[in-house]
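After this come two complexes, each holding chain A, first together with chain B and then together with chain C.
Up next, the complex of A and B:
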């Protein structure tokens, strides 16, 4: 058989030939036969983006040689504003994730209920919110929730970003419920039977025995969901919340310089990449670790 | 029959205030049907292109050239870890502004690629990045002995990929693929942001005209759940149909 890899073989000994390929790949668990697992680091992506920004910026600089402020100056001027807006995005993602997780665990428990109506309601709500687009749910919350409401004569304002957070928490809730259902299903049924025979009540089994074991299995998909949610916070710009995309568009219209469009949009992409890529890497690592142990 | 239904919905509006103009108003109905079809059209085109990107990307990832693999990997990570909306904006506003303009048949200068084209490009690349990974995992699941058997029968690399590896890998990754395609259908609603007249955009126009936000919202949610339901059903049928005895459970 002809070798498909350009990697040099570490040995000529016939005895070692079967595992020679695996030896060259270090700890690449032997999952892949032909495709070497790429160890991509954060800087690879940064490098690509940097090249993109650099070339687009230099291409435009040639077209308008005598402009008042250079790109670097503009970036320095607006950086604090944009970074602050990005932090706001992250705050929104934290809030939506906590709300969604709490509601989602409740919904998941409902779905696992032995009583039929409870199970049916839980199932329907989960499927409904899981299959509706995030943007539509966001619109739903933005338009149908009041901008303020009064409790015992006190008027409580209900700002748009809280409504957006609630709108983002809805799909998170459904996805967490689904993750939880999957995790619980992966626990062997013998555990339920053993707990029953020890006279634990259903609630005790759920919260004392099953769920603590599920946390480990739920963690990777949960983190994945968090990354997706963080990327979805940008949607709030469509409904007018002043987060990083809105601010970028405002900056661009304030500068009114077409040659800045590419670098500024690339910068927003970069911000999200820098935040989400490590999460994705770590998720992968966790998945791999648990997969080996199970 | 149709007139009676319309009458009933007008009556519903007068008595309960539930104003579903898309049923009794022919103009709104026409708009909504167009929007619905546009969403389906956008989904189908992106679906096909993203699957093609996935197949080609997975093939390039097996390349013996280091830089080809790195480039594909860079593409995947870049598109997976950035918000699809910002990608859409980047394509439409940023790259679109660098594109040359051409004269249309009325003599007006217009960009060479319309918002439709950019939506298709951006969404396909977004879904394609996930598809590459999905197909790769499917290819990895094909036993090496099968590939060796094909090679010993004189297939070349491309033939092995097309006739042996891909058909088997496709069956393995169908569940993950259908998940991603459902996600793609949901993501088409982002095209709203660059004024592609799909369902969300049309619904927005209708509720601006008639001030019936709750009704349109509810309709929209059910319409999307319906579309996704059809896709899931179709993928399940495909999965059953392609099932080989003794392979992939």
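Up next, the complex of A and C:
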């Protein structure tokens, strides 16, 4: 306590001390006492993986020493396949996030519209997709959309994974719309009034003044949503898309070894953790940085 | 604002409208395309499973390759699961299903299951080679591992009086068998046969006669008469030549009784003698 005060003492006035401390914390100076001490780095993930492989390999060796392939060998054999499948998950999450964000911003603007029908439609669509289970939306997209289109006589294939991506983009869209609505609502009304008094049109105020200020506030929840979406891409395995979960199931059935089930799924778990954890940490950091600033 | 509204309406319309596709006989489509698309399992060793270079291999992919060869076209395999395979066929995503599909009356209402059936699976047990089990009556009162939700569990318990110990999945049940928590494991005989390929189960075998045997059928889309007839011919040809028996041996299975019987039946009745 003493040392921190001496490093960045914000004020000498006793009256201002509590609030001054809070303000400095908002600027990220006192960052350390809001985040738990445990901070994982990328190499921790690798370390965990190593421990996992080592222990499962030794556990297995004790069970049946006469076996043809060890767990480590199996991992090496299937690693390229599983990693490729995981990259596919990430591609799906990127696409779903981009589509969902574009559509979500549109929907958010609709919700904020002063025109009643526009507002009503925006509100209804948002509420509908926000309160529907992701898996159900996924099933709808999988089974309602055709597997190919005919556009002007040209047959365009419409593969499963794109359908799944669309299915995942729908709830993302609704959530982004809500995030945006919340961010716009948090901008002080003075901004609107000031812009009005300067004779800006509503569109100019929205796109030139309000939305640019919102981006900073939207970023942390948006990144949270992205991490959640990435973890939700495994849902596509239920509808038969060849992503990492599906491939793991197939690998396990090809290996046909019950004792591999746990280590292989643990590996998938770890892949997602190693990818999502830094996002979560960075989000936390951004949240702190933007907390009290304006 | 109106423009945005119209735009989003248009996007939603496109997203939710399915566009009908003009339909021609599937056999001519395959010829025109130059590719046969077959739905197979990718998670059921040795019938259809993945190899490390991400190709589907196994008994059923080999059969599919034979069909493509007979048609003189390329082969494309699409992995299917039980919950989506009939939709895929109905939508035209696959031309043909060879996907461990049991031939049932309900399924015949949805797809064309081509006669004759190409394979069969039933219920059997897996037990130590020295076990006292030699007929189904002998498992009375014995602790038998099973997987929750298998439709034959009730029959085995009620009709043959086994003391069932049900587990969540086959892996757990097998583990319990290995630890000696039960005297036998009751399950689908094709699954047991696949397990017995492994060295760790070398002290075990299938001691009983398979009961409740249900045939597996090759399926084409309903109403595709020409293709269905062609596939009938293919399956008969497989039985006559003993193709499926050869494949079972290739993938390390003991030929099942059904294949042997069908081979003998077609060989005796349908192949004209040499002289």
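Rule of thumb we're sticking to: the second predicted complex is superposed on the first by the 231 of 294 C-alpha atoms of A that agree within 3 Å, B and C clash if a C-alpha of one lies under 4 Å from a C-alpha of the other, contacts with A are read in each partner's own complex, and residues count from 1 in each chain.
Methods note: a contact is a pair of C-beta atoms (placed from the backbone, for glycine too) under 8 Å apart; a residue touches a chain by one contact, two chains touch by 3 or more.
This structure is a prediction, so every number in the text was calculated from the model and none was measured.
Of the two partner chains, chain C is the only one that A:115 touches; chain B does not reach it.
Contact with chain B, but none with chain C, is seen for A:132 once the two complexes are overlaid on the shared chain. When both complexes are overlaid on chain A, the residue A:250 reaches chain C alone and has no touch with chain B. Of the two partner chains placed by superposition, chain B and chain C are both touched by A:144. By the touch criterion stated above, A:272 is placed in contact with chain B alone, chain C being left untouched. Of the two partner chains, neither chain B nor chain C is touched by A:288. In the superposition on chain A, contact of A:209 is made with neither chain B nor chain C.
By the touch criterion stated above, A:258 is placed in contact with chain B and with chain C alike. According to the touch criterion, the shared surface of chain A, contacted by chain B in one complex and chain C in the other, consists of residues 143-144, 258, 261.
On chain B, the positions that touch chain A within their shared complex are 61-62, 64, 66, 69-70, 73-74, 77-78, 80-87, 89-90, 93-95, 97-98, 136, 139-140, 144, 147-148, 151, 182, 186-190, 192-193, 200, 204, 213-214, 217, 220-221, 224-225, 228-229. Interface residues of chain A, counted against chain C in their complex, comprise 64, 66-68, 77-78, 80-81, 84, 103, 106-107, 109-110, 113, 115, 117-118, 121, 125, 142-150, 155, 166, 239-240, 242, 247, 249-251, 253-254, 256-258, 261.
For chain C in complex with chain A, the touching residues are 1-2, 4-5, 7-8, 11, 15-16, 18-19, 21-22, 42-45, 49-52, 54, 79-81, 83-84, 87, 91-93, 170-172, 174-175, 194-195, 197-200.
Put simply, chain A touches chain B in their complex at residues 1, 4-6, 31-36, 38, 40, 44-45, 48-49, 56, 59, 127-128, 131-137, 139-140, 143-144, 227, 231-235, 237-238, 245, 258, 261-262, 265-266, 268-269, 272-273, 276-277, 280.
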